[in-house]
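Each chain gets a letter, A, B, C and D, in the order it is written, and its residues are counted from 1.
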Amino acid sequence: MNKSVAVIGGGISGITSALELANSGFRVYLIEREAAIGGQAASFCCKATEICTKCSVCLIPQKLNKVAVHSKISILTDSTVAGLSGKAGYFEVEVLRKPQYIAPERCVACGICARVCPTEPKAIRSPSPDAIPYCYVIDESRCLRLRGEKCNLCRGTCPTNGIDFDREPERKELSVSAIIVATGFEVFNAREMGSLGYSRYPNVLTGLDLERMFNRWGFLRLPSNGKEPRKVAFIQCVGSRDETRGYCSQVCCKYAMRFARLIKYQNPNTEVTIFYIDLQTAGKGFAEFYEECRGNIQFIRGVPVEILETSGELEVRFENILEGKVERETFDLVTLSVGITPRKDSWNLARVLGINLGDHGFFDTKEPFNSIETNVEGIFLAGTCQGPKDIPDSIAHGVAAAEGAMGVLEKCK
Amino acid sequence: MNVDNNKIVAFCCANSAYQAADKAGKMRLCYPDNVRIIRVPCAGRVDVVHILKAFEKGAAGVLVMGCQEGACQHLTGNTRAKERLKYAGDLLKEVGIDRERVKMVNLAPDMAQKFICEIEVMMEKIKEA
Amino acid sequence: MGIFLCDCGGSLKNIDFPKISGDLEKLEDVAFIDISHSLCLEEGEKAITSRILSENINRVVIAACSPELREHKFVRLLEGLRFNPSLLSLANIREQCSWTREGDVTEKATELIRMAMGKARLLQPVERESVSVNKEVLVLGGGFSGMKSALELSRLGIRTTIVEGKSTLGGKLKEVEGFYGLKTSPKQMLDSMITAIEKDNNIEVLTSAEVTRVRGEVGDFDITIRGGRKEFSLSFGAIIFATGYRTEILPQDFELKPGGNIISQLDLVEMLRAPEKLKRRPETIGFILDVCDENSRLPTLSSLNNALAVREKLGSEVYVFCKNLKVDSEGAEELYREARNRGVVFLKFDEPPQIYCEDGRVAIEAKDVLLGEEVVLPCDLLVAEERALPPEGTKGLSSMLNIGTDFQGFYQDENVHLYSAASARKGMFFVGGCRGNLDLRRALTDIASAVMGSYSLLALGEAVVEVEKVRVDPEKCRACLTCIRVCPHGAVQLVRLDTEKEVAQIYDLACDGCGICSALCPAKAIDFKGYADEQILAEVEAMGETNERR
Amino acid sequence: MIIAERKPFEEIKNMIVGYKRILVVGCRTCVTICWAGGEKEVGILSSQLRLQSSRNGDELSILEATVERQCEKEMVTQELGDKVQDIEAILSMGCGVGVQTIAEIYEEKPVFPALNTTFVGMPEKEGLWIETCGACGDCFLDRTGGICPVVRCAKGLLNGPCGGTRRGGKCEIDPEKDCAWVLIYRRLEKQGRLDLMRKYYEAKNYRKVKRPGKIEALEA
């Protein structure tokens, strides 16, 4: 009986579980929905100033390389779990894989196909720089061939003839002993907070946009006119700790303070203000980090309710609790520190696997203190699909899930 | 200097700077091509002798690129490299080469842009002299 | 020396491969130069295999895309052909050469290949061998973390020995009143664990014993333990430190006035266990947080827990003074809301409050942020915030193991690569309180990663290791102890050779291959195969050659 | 252990002006341990010299060698035997003894010292060495609990602190340095031998050791 584990979700906690199990000698099937593994955290940026702020984003490319190299891990991209049967130790997982028009093992990412593709913007494009497997991606909606027209340009020029348009979606059957669910989270959709004007005003960004901008460019520019912002505001607890979502997302205060310091470091004369309810400064050495931030960053206790655009600048209306009165202040750039919310389609996976959802929409665990086992024996949870966590905790939780799965594997020798 | 297109030798730590260089290539960001990248396991591996030898062999500038301070896999790799570069800077000043030609750079694997602007900064320094 | 060039399916237009092979062919130690379209796919691999089997070459240089992507493929291919992969040298002519500029980069490509060849000439073979490893694990400390680690390890089939300083197991478990949302009380959990440990023959418990000396490296730690009067030494494969933490009310945080109405969480727990024994039921109880240490989540969690217990059992008024309520652990927000519904009043201050005694009752005076004015609150009992400190022996133990401690004195300052249990020295794991993770949920994940770490290290009973990848040459070594002091992983020991000479020796399994020692060695005695000084200088040399030739 | 420190490059440069072929000789014992003249520093100094010569055009060829112990005649001849013929000057990176041994063996070649031999001491941590013994030839550490005031007291007093000790037991002259006699007092106090402090010791007899010192083993 081959001892293998299926890990659903190729984010940071999924690949950590896969690595730990593979290093202990078990086969791992890593099932990832997107075309490349890495999840949300792969697009984050390093927020170090002179010293590292311990956000551990730099661990991700390192672990991705180890997963790509490991002989015991087989990566199934573009695949989702369609069905499950059997019980702990003897699961049969049915995996549905989107047609692989470009075979990942054949594509050497040489870029010739993108040059010849007639569509603008290109229907066949290079993946993000540190994507694993590093292979080109076809966007079905824009590719002429997949829309029925006759166009074979890219298939003709591909030196390793890795492109093949008449591939069908595959259906695969995996027999595994344990399953680890690591499907991750979705960032809170800031559009739901209409009064904060996200996507109405160009200079209102979310934490995720800031991450992507720093990852791509390395510095901050106003989306509206590309100049350097002079006054930046961070608004905390957007989408967490309110009526409908009664939990603290644990990550937003941390990344907001790290960004604030990074912006101050890159351009000392920008004014940065953070609006908060309760600043979460727990974590080793983080209180001292907060003390340092207080030196040159303004902290106002009181979360704004409305942002209006007046003459190119954003006017923020908020209740300054310390002074006890409502104030207005103008900023060039406002960042909404959006929290972590459960994935919209997690109920579908829950139905397939038979595990139930907790009251906030995350997957539920058997008892409160055992954060990895679900009500179905042999299925474990890893990372933010079980509850909000920052990257180091997601990694630690991934290892814990792997250890749980080991228990099942040892039992069914 | 007997060399016309004055090369830059970059000792890149395999965990962070080498990956940043790869990312710059994958994003097709152009940077001057007189940079020679030598892969080292950690910034702490680069010794003063290597730096002086690089200058001897006609390099115009040396960059030692390691991880961010506090994020080094070997804990003290990048801090030791920084101290060592101060020592190398003194040695070079004694010989008459300007201290700025040797620089410690802290990078993370996703900082492709910073990798390139550090190289351009070194190019300016070389052009000035 | 065999050279393989890959033009990545013909896409590297700005490199003139025939010119390169023309230049390099003339060198005498070049056996052949192959140009292929895709070395990383089957057809490329077949070409390499046939070439290597037909020609007898002792070095291979491959100029292709980034080693980060393809190095493992080439290494596995060469291992298949019984060709020592450490004699392979790679040149990155795609990401770092062809894709960095539009114009012709043939010259830069030639130079990169020449640098790789320079290095290849000096590569020495490194054998891989498996070293036998002791499968036993020592767990230091018998609190919750220690017991849980031992149980988890024995569940995975690994023998453990628990060394506990006090006479009984349990540690902090005995002092905690209850965990929010957990039905089993700490007492039941403690008894169930102890019975499980007694039943389990995989676990051996040594109480009132302490470790006096730790020597050796991962896989074979030689540890001397003093139990009672006798002192004996045992060998272990890995060590898990779970020495916990101790709490103390420090005078500078709260001037402990007589009258006994400033108590710690511990005393409150005693009271709650036996409410009937109290002389007078306290009317109002005050909690104070965030005065001395804002790093840990434990004071907030234990205060909320105990506040709820007080409302239930004693029904007295409860006031919580804090600067920022730390609700960023799981379930803390619900705890905070339930406490508010149960009538616990939360007051948030900015400057720390003044505390003074008034006719037997404690008065807290603080400027409340929400109300915006001074609040003076007399209450019968004040639960002060304890400062969590590392256990006494930490300083001595950490210098003996040469593991750093962080600014509060807990083990292993924060480094992202070591997070959640590992330490700078392979084979040593720090779990739960002794590392600063005080709340139970994070301690559980610490335990899991320590267990997984030691399992993947020791489970097979042997570890594959690159023999003498970093080697100290006994003749040259002056035993100046620089490498021993400098090695971040403590992988170098002073060893007495058969020639009676004391010399430094690097332990292959513990060495992480960073090369700091070989850079600092004043006698140039440490040879790092793969990144030796000569090889790096050869690369620099090759870069220099093209300068002179121009 | 003998601790030495490399001379500033200016000084070394002026010494070897005019010589075209130079042999740089390191030593593998004391100066290696104190990071001053080992094989690594030989490499550093040689490449510095080569850089200097390539910058201002005069061709200068440098040979490098490292002797097991420069203070042993046999080892010097064994290591440098063939290398010495066609060189014009020797730059010795050993301590003062090494320089003079090489000069004695190869009298026709000028031998230049590249290091300043500073003191006899011990490493406090890697890269930091402190002087603890002044080699005065008449040791009286028995009376001071193992702390030598000749070297560690700025004024070399033999009878108790000078009265100018700063708060916290620091030396009057150098605020960072601990006053040697305060350290002695504390140690003797710990050992319960404080009466030694009350005895009065006469001045040291420096004539005991004739310069240059010579010691002859009876067996030889």
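Keep in mind that, in the parts below, a contact is a pair of C-beta atoms (placed from the backbone, for glycine too) under 8 Å apart; a residue touches a chain by one contact, two chains touch by 3 or more.
Fair warning: this is a prediction, and the values are worked out from it, not measured in the lab.
Between chain B and chain D, the least number of touch steps comes to 1.
Taking A-C and C-D together, the pair of chains sharing more C-beta contacts is A-C. If each chain is reduced to the average of its C-alpha atoms, the one that sits nearest the average of all protein C-alpha atoms is C.
The mean-CA centres of chain A and chain C are about 24 angstrom from one another, to the nearest whole unit.
Chain C and chain D have centres, each the mean of its CA atoms, that are 42 Å apart.
Chain geometry summary: the mean Cα position of chain A and that of chain D are 60 Å apart. Averaged Cα coordinates give chain A a centre that lies 32 Å from the centre of chain B. Within chain C, contacts with two or more other chains are made by residues 68, 414, 416-417, 486, 520.
Residues of chain B in contact with two or more other chains: 2, 19, 22, 26, 47, 49, 53, 56, 70-71. Multi-chain contact residues of chain A (touching two or more other chains): 52, 54, 58, 134.
In terms of inter-chain touching, the protein chains here follow a pattern that is not a line, ring, star or complete graph.
Pairwise chain contacts in this structure: A-B, A-C, B-C, B-D, C-D. On the side of chain C, the complex with chain D involves touching residues 476, 478, 480-482, 485-486, 520-524. Note for the complex: chain D touches chain B at residues 8-10, 40, 43-44, 47-48, 50-52, 54-55.
By the touch criterion given at the top, residues 15-16, 19, 22-23, 26-27, 67-71, 106, 108-114, 117 of chain B touch chain A in their complex. On the chain A side of its complex with chain B, the touching residues are 44-46, 48, 50-52, 54, 57-58, 61-62, 126, 129-130, 134, 215, 217-219.
Interface residues of chain B, counted against chain C in their complex, comprise 2-4, 7, 9, 18-19, 21-22, 24-26, 28-31, 33, 36-42, 44-47, 49-50, 53-54, 56-59, 70-77, 80, 84.
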